[in-house]
Amino acid sequence: QTVGFSQIGSESGWRAAETTLTRQQAEERGIDLRFSDAQQRQENQIAAIRSFVAQGVDAILLAPVVATGWDSVLEEAQEAEIPVVLLDRQVDSSEDLYLTAVGSDLVHEGEVAGQWLADTVGDQECRIVELQGTTGSSPAIDRATGFRNAIEGMDNLEIVRSQTGDFTRTGGKEVMESFLQAESGNEICALYAHNDDMALGAIQAITEAGMDPGEDILIVSIDAVPDIFQAMANGDANATVELTPNMAGPAFDALEAYWSDGTEPEKFIQTESTLYTQDDDPMAEYEARKDLGY
Amino acid sequence: MTINPRLYPLLATIGIFIAAYIVCWIQFPYMLSTRVAGNLLTDNAYLGIVAVGMTLVILSGGIDLSVGSVIAFSGVFIAVLLRETGLHPLVVFVLLLGVTTAFGAAMGGVIHVLGMPAFIVTLAGMFLARGASYMLTIDSVPIQHPFYELLKDAYWLMPGKGRLTLIGIVMLLSVAVGAVVAHRTRFGASVFALGGGERTARLMGVRVGATTVGIYAFSGFMAGVSGIVFSIYTGSGYPLATVGTELTAIAAVVIGGTLLTGGAGYVLGTLFGVLTMGLIQTYIVFDGSLSSWWTKIVIGILLLLFILLQRGLVRATAVRA
Amino acid sequence: MLLSIRNLSKSFPGTLALDDVDFELRAGEVHALLGENGAGKSTLIKCLTGAYRRDSGEIRLEGNPISPASTSEAQELGIGTVYQEVNLLPNLTVAQNLTFGREPRRFGLVDGRAQRKMAQEMLSGYNLDIDVGRDLGAYSVAIQQIVAIARAVALSGKVLILDEPTASLDAAEVRMLFDVVRDLRDQGLGIVFVSHFLDQVFEICDRLTVLRNGRKITTEVVADLDRLTLIEHMLGRELEEATEHEAAQKDPHSRSRPELLRFEGIGRDGVVEPFDMTVHKGEVIGLAGLLGSGRTESAELMFGVRASQGGRTRDADGPVAHGNPREAIQSGFGFAPEDRKTDGIVADLSVRENIILALQAHRGWTRPIPRSEQNRLADEYIAKLDIRTSDAEKAIGDLSGGNQQKVVLARWLAMNPRFLILDEPTRGIDVGAHAEILRLIHEMTGQGMAVLVISSEFDELIAVADRVIVLRDRRHTGELSGSDVTSDAIVREIARDDADPRTQRGAA
Amino acid sequence: MKRSFRRVLPQLLTLAALMALVTLFFPQFLSIDYAGGRLSGPVIDVLKRGAPVALLAVGMTLVIATRGIDLSVGTIMAISGAVAAWALSSGWGAGPAVILAVGAGLVCGLWNGCLVAIVGIQPIVATLILMTSGRGIAQLITEGRILTFDAGPFAWLGSGILLGLPVPVFIWVLTAVGVAALMRRTALGLLVESIGINRSASALAGVNATVLLIAVYMASGLCAALAGIIATADIRGADANNAGLWLELDAILAVVIGGTSLLGGRFSVAASVLGAMIIQTIDTGILLAGFPSEYNLVIKAGLVLMILLIQSPNLVGHWHFLRHSLRRDPDASPRGAKS
């Protein structure tokens, strides 16, 4: 079987891992994977899908860069009777345009992170700073929403500053430095970062400012990349919410079932948003992940 | 009948495009289907349109870095307006084209009046347009309007199931309009004159200010049209869309044989530049074995190869002539 | 009165270029505008046509005050102009250049065929056989100059202004141009003519106005004036008559002097046929020929601007390398090119920096010329060549055309090369400086430097050259030396072939 | 000395005005603390955070002086960072890592220079090629992940402290001073300017334009490599995907704010570096002032436009003209009667 995979790009280690795992899964199952990297651009993804359709592949995996704007190209795939499986992000098109979606609930991730923080601080006063993802990207929007959902109604928790760190370490570090200047450090009680990379940058900023990350400032972030486990093992980070890069496994399972007897899978195969804290043997988690291509 | 030497780059571009297509076809026979050909037009429609505007700008010796952001702004503008108001899309289109044209004209005005380099003014314009779309919304906004469904589904099914879409036709029309404006009007002559040297152009009687404003207004207008086409193509508005499209458009224009220093080139060449870029994309997708990083490297190598071939061909013909 | 200018003033930072100038032009006259380099002629013209914004003063055309804010307005008013530096667009075709702004249109669109036809008609009086569909840049400076004239003539409903139109034209072209000018004068146009060739002024002009240092000195009827008085008006002093255009002591035996360089078989397909040339110490060689005969190309081959196919060059010590300009300079060559705007001046650099540029490049970047030395060199040549500039730090692009030319010359003189090639060295240079430059050439050859002069002015060649090599159709065809160097002899040599060489001009 | 001061005066004034503006929104902007052997405060942050753009601007100034442009500097940062991280993680010391990274930058510059000077491709396009494909090369080295390494002395280059100040500050200041001295104490500056203004005339005067052009692009590559080393050392990892992303635009902006014309010619390294500091002050100021992030771009665009407007030479001319024509009687105004 031939499967086309339209990946967003390679903007982060997490995504590189997703690509690696998808290739691995395809190889294990003897699937011929056609890979296309869209370099963060929806127009490239659309063009790639249309090329896949023109080539007549047997299925298409799509990790959509943005939620909107897929209707016509999905219709085109449907006309050509090619099933489409969405990976890790949702689209807002009608459900019958794709076979299924594999992914986690981005809002839920934010909620898990927020819930952890709320539980951890109890009813202490806590001034939170937030490192947002790239302005306008759906993880940034949803993870912000989820977090706010979780802490809603708790008067002791307050987000005092919120800036974009563009999902990068440099961004995380630079913005955290300015947070520390602006809020004079010791008044910040917790940091919520939309991804681990920004949290890792921020940890350095906090260390360099002479404070102790994980102690003076609680740090919770999302993704569960290997490096954050190392930081947790060192006591520099407190919690992370896993977003598994193995989206392709469930996707291929669903596809194989569909190919063999036309089984329609559920419309949303949710991967778990597991919370990891310092108590979860971070070093073991690190070892388990470090070769997955993050 | 001797061929005018100024035609060499254009002919080289077309020749290399055809040769490249044949190479692709030999490797993937399916490349010659109307489907792929139709896709090539549709998928690159927004790029082609904006590149036509860019061609005029570059012909005048300028550059317009704002177009990518303007396309994104257009999408957001349309989507938000359709969501928030009951205006008909056509009315929104007119409003939008007014805004983008005025935006372009304003940049042209700043370039002329303040004597600042286009690169910087349009760079600020790029920030501004992108920032403005953020301020409209940071979300991606779907466009749901029956008229849009109509536009999206407007295509002619070619034999072989290929689709000649409305937006593909709009691009071809834009190229035609651009060609006429650049090569068959007094305004176009002034554009070329500016590209040959502003001082000289002034002494020859070019109204430098009006022309500059006109050029960037035209580019802004084309970016607006491209934004409309893009919003039809994706059916949504997204403030992060088309990041870096200005550079792709510049590359397409240059591949099309237009001199970046201005004063020489053809709008038709730009069409082939765009198609070449699209062909490279398609080829990589058809191949499907390149990793993310090799994709980037191979695009660069093919671009370089193309430019070298073009230069070589032009030089060889020039020497023989 | 067709055109009258009153109390016109214009200043640039550091320079008062025009100081209360009056000027009057009648219908049906050719009026010369004369003055030294930097006197303000070009500035006056540019103020008149709206290229510069004047500080004060009044301009009336047929009694109505006009104030063109741009050159296009001036064109609409019927003032056609050829500016000093050819100001056409090399990237447009000849036809587009000629018809620019007045393109024939059909259904609102430019009609290419009618455009070419119109262009051909505009050129018809100039005996020019070129393809108007080609880019202007493909043609030589001289052809561009003629195209510029044709364009200006077509635009001049009332006034035609020619700022040094003849600087790169040869005798035949000048004659042709004058026929056109007389014709226009008889039609009642007023014509302003700027030139440093006084013979031409006396030949064609009815009246003349002299400017000096931005002031109007006098307006006279040409017939009432003799040459010496005119020069006195221009310079504000007397010129030692002896130096002006008089044949220097020619050395008929210059060839028996010690040999300096021997070029053998230098040439390139389609450029210049391979030629030999022996250069002797202290001699001045002239290159004569019609436009496009390959003089500039010969010089470029010798200086390594274009690579020669085969051939070799030797001096007393063995082979001499000149494969590119840097090698040529290392070998002691110098080259002041013909087109000073594109190949000579570095516009935004100061006069000082332009003068020391070649010397500095020769010394290498690690050994900067000390500032005091730079100043000394700059001051020395500013004084020696009488370069009119407010100071050595002024950008060369702001100097008048003739003064730019002097700076380029100074650059090479400062190098003290052993073999100096000067392509049209006195183009656009006034009488006083002209004499000064010829004198300088003699002084240098006296010290053993050999000079190759390319000039369209036979008189100049006669004045300066020990022997003259004649080119025709990209071939070195003949040579004259000693007392044979006369205007007649050169013309005869050029025309020796029965075929009319003029028909072969145009793009290669 | 006085001359060069006058040259950078507009930039200094702009910077001062900007700092005043930021202080208005964030009163502690100018406060500097001394604790634990190091100075800290927003201004120190600006000096440190501005290091990459300042370094890029130094190289970019030279390239722009030759009438070129180098879009690939951000990518070169990523490449050299990846090379350094690769060297470190495969067990080489900090010294070899720095040397390899700088070497990578020089090779990139050589590549650009050859395309521009020898093949004759226009600078924007030539460097665009490396800009797109170079990031792929960097990712090839890091395999798309953030390549981390054991910190050690290398990290000192990014976040170390020397004499109370962050080390990157010393790196960019020394580079800028070194390059400026090299340009002005030798004849290089003059030669670079002359090929930027008129390459053909310079070549005829014996200036070795080809070699100079290549050298200039290599210098730009070198500066980008230094910037890449700082960025990598700062986060103790090479982020091939994001390092230096779009920084080339900031660098060009810095050069233009520094008053060097994109058309080549006269340049001032000092002014460009001040331009970089102006940009960083804007960026840091936006962060400190605490606006929502969707306003960042609009604020930046507005400020940049304003700065360019104030510095525009034409505007000065227009002012003069306005004042003149207001003072004189209306008839003399150039747009008089057009009968």
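Letters A, B, C and D mark the chains in the order given here, with residues in each chain numbered from 1 onward.
Quick note on the criterion: a contact is a pair of C-beta atoms (placed from the backbone, for glycine too) under 8 Å apart; a residue touches a chain by one contact, two chains touch by 3 or more.
Since this is a predicted model, take the numbers as computed values, not measurements.
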Other chains in touch with both chain A and chain C: B, D
More C-beta contacts across C-D or across A-B? A-B
Would you identify the chain whose Cα-based centre sits farthest away from the centre of chain D? C
Using the average of all C-alpha atoms in each chain as its centre, how far is it in Å between chain B and chain C? 44
Quick one: report the Å distance separating chain A from chain B, using the average Cα coordinate of each chain. 33
List the centre-to-centre spacing of chain B and chain D in whole Å, with centres computed as mean CA coordinates. 29
Give me the residue numbers in chain A that touch at least two other chains, ranges are fine. 10, 16, 19, 135-136
Name the residues of chain B that each touch 2 or more other chains. 134, 138, 291-293, 295-296
Complete list of chain pairs which touch one another: A-B, A-D, B-C, B-D, C-D
Within their complex, state which residues of chain D touch chain A. 26, 28, 35-36, 40-42, 45, 49, 139, 143-146, 148, 159, 231, 234-237, 239, 241-243, 284, 287-288, 290, 292-294, 296
Residue numbers of chain B touching chain D in their complex, please. 63, 110, 113-117, 119-121, 123-125, 127-128, 130-132, 134-135, 138, 247, 250-251, 254, 259-261, 291-301, 303-304, 307-308, 311
Sites on chain B touched by chain C in the complex: 4-6, 180, 183-186, 188-189, 192-193, 195-197, 199-207, 263-264
Complex contact set, residues of chain A against chain B: 4, 7, 9-10, 16, 19, 33-37, 39-44, 46-48, 50-56, 66-72, 92, 134-138, 141
In the complex, chain B residues that touch chain A: 28, 30, 33, 35-36, 39, 42-44, 46-47, 134, 138-142, 152-153, 230, 233-244, 278, 281-282, 284-286, 288-293, 295-296
